[in-house]
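What follows is a set of structures for review.
Look at the two complexes coming up: chain A is in both, with chain B in one and chain C in the other.
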Partner chain A sequence: MSVSQAAAQFERQYAEYRRSKTVWTVLFWALFVVCFVVSLVVTRFDVVALVVGLPRTTDFIVKMIPPIGWSTFGADVDEWYWGIGKWLNSLLNTLLMAYLATVLGTTIGGALSFLAARNLVKSYAVYWITRRVLEIARTVPDIVWALLFVLAFGIGPLAGVLAITVHTLGAQGKLFAEVNENVSPLPIEGIRSAGGNWLHEMRYGVLPQALPNYMSYTFWRIELNVRSATIVGFVGAGGIGHDLFTSIQLLYFADAGAILLIVVATIMAIDMLSERFRHRLIGKEQLSQ
Partner chain B sequence: MMPTATEIEALRARLPRAFSPSPQERLRRVLVWGGAAALTVYCLYRFGFFTWNFADGVLKFGSVVVAQLFPPTGWDQLPMFLRVMGETLAMAFLGTVLGAIVAFPLSFLASKNMMPFRPLQFGTRRFADLLRAFDYLIWALIFVRAIGLGPMAGIMAIAIVEVGTFVKLYSEAIENLDRKQMDGVRAAGGNRLQIIRYGVLPQVLPMMVSNTLYMFEHNTRSASILGIVGAGGIGFLLADRLRAYELQEACLIIIMVVLTVYAIDFLSKKLRERIIGDGHRPQVADDLPQFAEPKAK
Partner chain C sequence: MLKIEALTKIYGQVAAVDNVTFDVPAGQMVGIIGRSGAGKSTLLRMINRLTDPTSGRILCDDVLPETIDVSGLRGRRLREWRGRCAMVFQQFNLVPRLPVLTNVLIGRIGYRATLPSLLGLFSDADRALTLRALERLDMVTHALHRADALSGGQQQRIAIARALVQEPRILLADEPIASLDLRNATIVMDALRRINKEDGITVISNLHLLQTARDYCDRIIGMRKGTIVFDGKPSELTDSLAREIYAIGAGGDEEVAMAFSATSAAATH
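Then we have the complex of A and B:
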């Protein structure tokens, strides 16, 4: 093949590549524009409402921080945080809700995760049913669980704890099951050959390998559950979300701002603490980020 | 050869630390686990798990709530439910797209290698963190009060959070750029615009599209609950039916939401695999962590 032939072949292939690429790009953009227009129609997107509403939103947000003067700093903050005792109590409730739900959800989900690992159970039926149960618990959002539990247990933190517990057990069960499926089978075989039963195999063969990952997932879950616990109060399931919901509904913006500040500070503090714990427990190199 | 019991005893006496942790370590463990257990029991007590009210609730949950959920009914309203489900998806789509459009230019400001003026870069990052720190539902509550009930509030709530998320994800992608391709374009005589077009965009665009798709998938879930506070979408119908004890209709809605979420997850995963090969998942605040695969020994 001469050089000119090779060049011609390259040109041909390159042109073809360009053509197929253009077709894909056009298709992609066409699909995108169709979706965009349909979405605008379906949601009755209203630019006027947006233009009118956005300044009002910023207005709300500005009103969330009441005027604080330098000379009267203490008194102003004191007045802003008039409900600090009540709010801190709600915050404590929120944190304890998250803690309890994490403990309960992780315990139950962790126990189920052994039944949801393909390599650890012989019966396919047990595996399949456990997987589906975990899936339902996880896919239904925790706030929907909260609505359901409020119906049965009434308004209050109990419903919130149960809602977050159910969601947590679904998520933890799945994640732990994946960890379990990745363990090395050699220790399990060793224990079996030494005469151990199924529980022994799980306790001495699987658990030591999987525990570091369990721990990091659990600390991560605490962060997520603190966020959830601040939200479930919107539907009456206890915690600081309830105070926040009422203050915004009643347009008490300064209160809402004060509570939001508490919530954000708490979430950031928990995130930092939990990250530190995770790194200390399993070493930085095991986290991909 | 198996060691005899006496040999094991001798070893245990000689090397106690090899068989059990030091007393301090054991004390520490007892304190940590004991403290955690005590706190758990206290919480159970505090939230009323040891009361008749709890027992009543369990019975009621079984006999009233779960028993009345099935079988799902309200099939005559299915067309309406489907329309609202479509509205939910549209909210997720528009919110994600609006967020991405606003975040795209901001993400260049927030990248260390694109923005030499450090305070602005740092400020943009922290601003994005702040937007992301509040949950969708909190933003939705605020927007419902400001723009009124309906899907607009939901779209804005999603868009605002997504600006925060995308600025973080995009700027991370930009900071991971390979300089060599930019240098190559410059060496071939490209101007600043050409450097961005041929040196930067081809590297970051697949990652950005993939991240955006992933967040759309994620926002389908969020959009389906925003209606609970009145911000449009299927959540409004769900909360309405649940509060009116129309549990069987609520069940139908829940099933629809779950199926839709599955379908979107599946489609988005397939598309993302097409775009960047592996099933890369960006890490966002309220999402699962990604760990290195445990090494198979």
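Then we have the complex of A and C:
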């Protein structure tokens, strides 16, 4: 084939490539716009109602903060946070629930993630079943799991821990499985060639490669689980969520405000701490390269 | 003696390895040459059983008193075989984030019960063996470094150390120096030859450079399109026979020019 022939062929193929790319781009944007419009209509998203209703949300927030004067600042805050001892105790409860659920859920989900990685299991049935189990654990909202466990085990933190554990194992299992599917196959082959069994391949071939990503997801999960542990308290699973729910139910908005502020501050603190920790981990990683 | 009998591997419609038969007496150093796609890798991977043969047999009496048919092994027996028939790879296949020491200790997992080896519990004897292997490859000072902090040549030496602590009777090397520069290639080939001589371990190595095979091996097997087209001493491999292995005539391409290049890892033994 001469040079000009090759060039002509390239031109033809390039034109074809551009054409098909344009078609796909147009299709993609059309789909995007249609979905957007349909969602606006179905959810009755109304800009007018939004503008009219927005000030009302501040009404609620105002109700949640009692009058605090400059001259009586200390006494007013003291008055507002009359239940601080009780609330901090509940908060500790919630934090421990989140911690325990993160540990349990990550351990179980992490173990299942190896079976849910297509590159690591031979049997398609094992892979398929594990994936579905993780999906069910993850897609049922944790508050629904909490309701279920409150009915089964009674009101209290145990139901909350179980609920968040189940949700966590589903989420971590899927995220970890995706990490597992992206590890290099070469170390795994090296271990197999040395006479290692499947467990050896997972322990020495996959785990060291995947661990930094596991850690990153787990820090994030602790944060999510503190929030979840608060929410599941609403349905009787103990902790600060229970206090929050009770105060809203009894229309003690100032109490609700005080509690919410504690929760927000706690989550902010955890976020900053985990950020620090993660950066230190990554920093160490780069140093040892 | 390792006996390969009518070994065949078919991928789809293509026979990657087509009815290959040869014997390797214990302690021989064999170089397998041929173009890429000639079936060299598939052949070696079938011997370690990383790849399952389509048909044929692999018989061996070096490892156990009786002759075993490797091609039929499964489960525990298969893993034992892999332990005794070590393999090193073009890309080294180490675990990048683990220290050198652990990477070499992985060669001992076949000798330990599963639970302790998963927990990283190895015996003092295992560690002593590991250090001795590292010493032989001049890598002791790197024992606590991470594998991915090392150069390619160093990583390949770690991989050979891992193979050594497996206490193998056979060592398979799949293009061990194809990713290395000349100096490191020489170090690695010298190490393989020394292990072959000193320990009497059979070494079978795929080599992309003809000259390396000539310099280091007792015997050369030439493969072309999945079959053996040459099998003999390096001195018997004339230029015209070599041309046949590499199918010259189909155009002097780069790969063939490379294979014939005289600047191979020089023999220093």
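Quick note on the criterion: the second predicted complex is superposed on the first by the 224 of 289 C-alpha atoms of A that agree within 3 Å, B and C clash if a C-alpha of one lies under 4 Å from a C-alpha of the other, contacts with A are read in each partner's own complex, and residues count from 1 in each chain.
As a working rule, a contact is a pair of C-beta atoms (placed from the backbone, for glycine too) under 8 Å apart; a residue touches a chain by one contact, two chains touch by 3 or more.
Predicted model only: the values in this text are computed from it and were never measured.
Peer 1: Between chain B and chain C, whom does A:53 touch in the aligned arrangement: first, second, both, or neither?
Peer 2: first
Peer 1: Could you tell me if A:112 is touching chain B, chain C, both of them or neither one (first, second, both, neither)?
Peer 2: The answer is neither, since A:112 touches no partner chain.
Peer 1: Using the touch definition from the top, say if A:270 reaches chain B (first), chain C (second), both or neither.
Peer 2: neither
Peer 1: I'd like to know which partner A:211 touches here: chain B for first, chain C for second, both or neither.
Peer 2: second
Peer 1: Contacts for A:186 in the overlay, against chain B (first) and chain C (second): which applies, first, second, both or neither?
Peer 2: The answer is both, since A:186 touches chain B and chain C.
Peer 1: Which touches a greater number of chain A residues, chain B or chain C?
Peer 2: Partner with more touched residues of chain A: B.
Peer 1: Give me the intersection of chain A's contacts with chain B and its contacts with chain C, in residue numbers.
Peer 2: Comparing the two interfaces on chain A, one with chain B and one with chain C, the shared residues are 184, 186, 209, 288-289.
Peer 1: Taking the complex as given, what residues does chain C use to touch chain A?
Peer 2: For chain C paired with chain A, touching residues are 48, 50, 79-84, 86-87, 89, 91-98, 102, 106-107, 109-110, 114, 117-118, 146, 148-149, 159, 162-163, 166.
Peer 1: In the complex of these two chains, what residues of chain A are touching chain B?
Peer 2: It comes out as residues 35-36, 38-40, 42-46, 49-50, 52-54, 56-57, 59-61, 96-97, 99-100, 103, 136, 139-141, 143-144, 147-149, 151-154, 156-158, 161, 171, 175, 179, 182-184, 186, 209, 213, 216-217, 220, 224, 227, 230-231, 234-235, 244-245, 248-249, 251, 260, 263-264, 267-268, 285-289.
Peer 1: Once bound in the complex, which stretches of chain B touch chain A?
Peer 2: Contact set of chain B toward chain A: 36, 39-40, 43-44, 46-49, 53-54, 57-58, 60-61, 64-65, 86-87, 89-91, 93-94, 97, 130, 133-135, 137-138, 141-143, 145-148, 150-152, 155-156, 221, 224-225, 228-229, 232, 238-239, 242-243, 245, 254, 257-258, 261-262, 283, 285-286, 288-294, 296-297.
Peer 1: What residues of chain A sit close enough to touch chain C in their complex?
Peer 2: Interface residues on the chain A side: 184, 186-187, 189-197, 199-200, 203-205, 208-209, 211, 288-289.
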